[in-house]
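As written, the chain order gives the labels A, B and C, with residue 1 at the start of each chain.
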């Protein structure tokens, strides 16, 4: 994960994204403790208050929960929930911009579908 | 006020300088006359009268000149006020004055015994015609007299240095040239003038030469005045950038 | 504990270095003090720490004037640009001196640890250090202090990228362990801004802006597009500055665009860009 100061996305959102990503990829396993605010803020050279704000987003989403006197733990089922969240936003984040750009380029529906198919094929061969 | 740390620092700095200075002086004052005795062909007539005091006076003057800035800087960087810097600076100088007064009071008679010169001789018996019968006679009087002398001298240096510290660069030059002129031209000229010379002589007679105790009082008063003036100067002085 | 500046004015000859500045440092937080060269940052920090004195106004700690009070002055430390340490003092002796002055508030072991991390040779004399290493050493002392107010004036001046990174790391580590008011005065806004919680921007001896990082991010935005369209869109907005590439214009405005923004790119602007637009002189802005 890399924090980008110049990004349009506020730093606390970037922190939240990075944490979600870490849970989703399994780096932070369910029912395990995640690094403390201090650890994260030192690692990325960002203010602890900013990190806390990012973490609180995940608490609100019930992806992580505080255990008194111990620290933050990844909730059971968090990974599945992130998957659902990402799925529901997939259309908005990826398909909509694609369609918008395609319309600007005056591509037909068939052309778009063909392009997607082609990309999927090259990706398959790469992963093999 | 939190005086301990700045005082400790200033005093240790000063005492370190004293140690170096005094080793040289003792070597010079004892070894040279002894050598002169052993090797008569040198034909040096060593007179150690007032020797320790003269050196100590110069040393105290220079120490007073140099200690202002260091102390202010240390206090500025480590969270102490101007008042603390000034008080601890003066305290540290007083400590050195006391140390030197004791050393001189001991070493003057000791040196004269070793080198076989006059029994205890120094500036005081030159001024007041106090001829000691034994090497250590007038010890207490002498000790206090020296202490007051060194305090007065060092506070003069302290005051001059404070003025120098506060003045802009160009004015510093003017100030020191002016001070030099006063010493080299002003005083001889005023001595030539009968009226001024009489007043001056009367004052010196009264305040310094009449008795050692009166001299002590004069020195203490002068030191106090210098300290107050230095305080007025340093109280709101910016800490020097250089 | 609250440290407040009450209507501070300071002139140097003809120049008004600070003009009626009032400011408060209350909660433990990392503040960023930003300003261009000669804006008055160093003067401000020097006055707070009693190195120089204001013409009028005063510095108060919990309502009590700081000047002439050791017990209050020793609750602050300024890591300044100018070296006030004795040049012929060895680093380890300077650490001892700091310990003597600050007592329990100075953690000697920490100072040694920091010196080691920065690969300082403690047997060296301060005067023999390069400018960068002098800054580093002063930072080591400041970081090892557990006083409620610590000020850094250009701490990373002359430090290479690795040492700067290490400094920021240690600063956050220190701050997380012992929360306190930390004021960071720096020109390297971009790399320091993720650390800063509250920005104080000073211009020509006056406080121009005092905002949390959050509200600063919302404070201004840029609008980019064809010149006529941009001008039309931003009319009525408070404009901080404009830049042109041919007919393509970027206008920096306070707040967000209220009207339509069809065909225009609207973006947030970061602290550095905002700082530049706020503190540009007319001459620089016209270039």
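The criterion applied here is as follows: contacts are C-beta pairs under 8 Å (C-beta built on N, C-alpha and C of every residue); 3 or more make two chains touch, one makes a residue touch a chain.
On a predicted model such as this, the values are computed, not experimentally measured, just so you know.
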| item | value |
| --- | --- |
| Category of the chain touch graph - line, ring, star, complete, other | line |
| Identifier of the chain whose CA centre is least distant from the whole-structure CA centre | C |
| Chain separated most widely from chain A, comparing mean CA positions | B |
| Centroid distance [mean C-alpha coordinates] between chain B and chain A, Å | 76 |
| Interchain centroid distance [CA atoms averaged], chain A/chain C, Å | 33 |
| Inter-chain centre distance, chain B versus chain C - centres from mean C-alpha coordinates, in Å | 46 |
| Per-residue overlap in chain C, given as positions that touch at least 2 other chains | none |
| Multi-chain contact sites of chain A, meaning residues that touch two or more partners | none |
| Contacting residues of chain C [partner chain A, same complex] | 29-30, 165, 168-169, 172-173, 175-177, 190-191, 193-197, 213-214, 217, 267-268, 270 |
| Chain B residues within the chain C interface of the complex | 1-2, 4-6, 8-9, 70, 73-74, 76-84, 236, 238-239, 241 |
| In the complex with chain C, residue positions of chain A that touch it | 3, 5-6, 8, 10-11, 37-38, 41-42, 44-50 |
| Chain B-touching residues of chain C, taken from the complex the two chains share | 46, 49-53, 67-71, 73-78, 80, 82, 84-86, 97-98, 100-103, 147 |
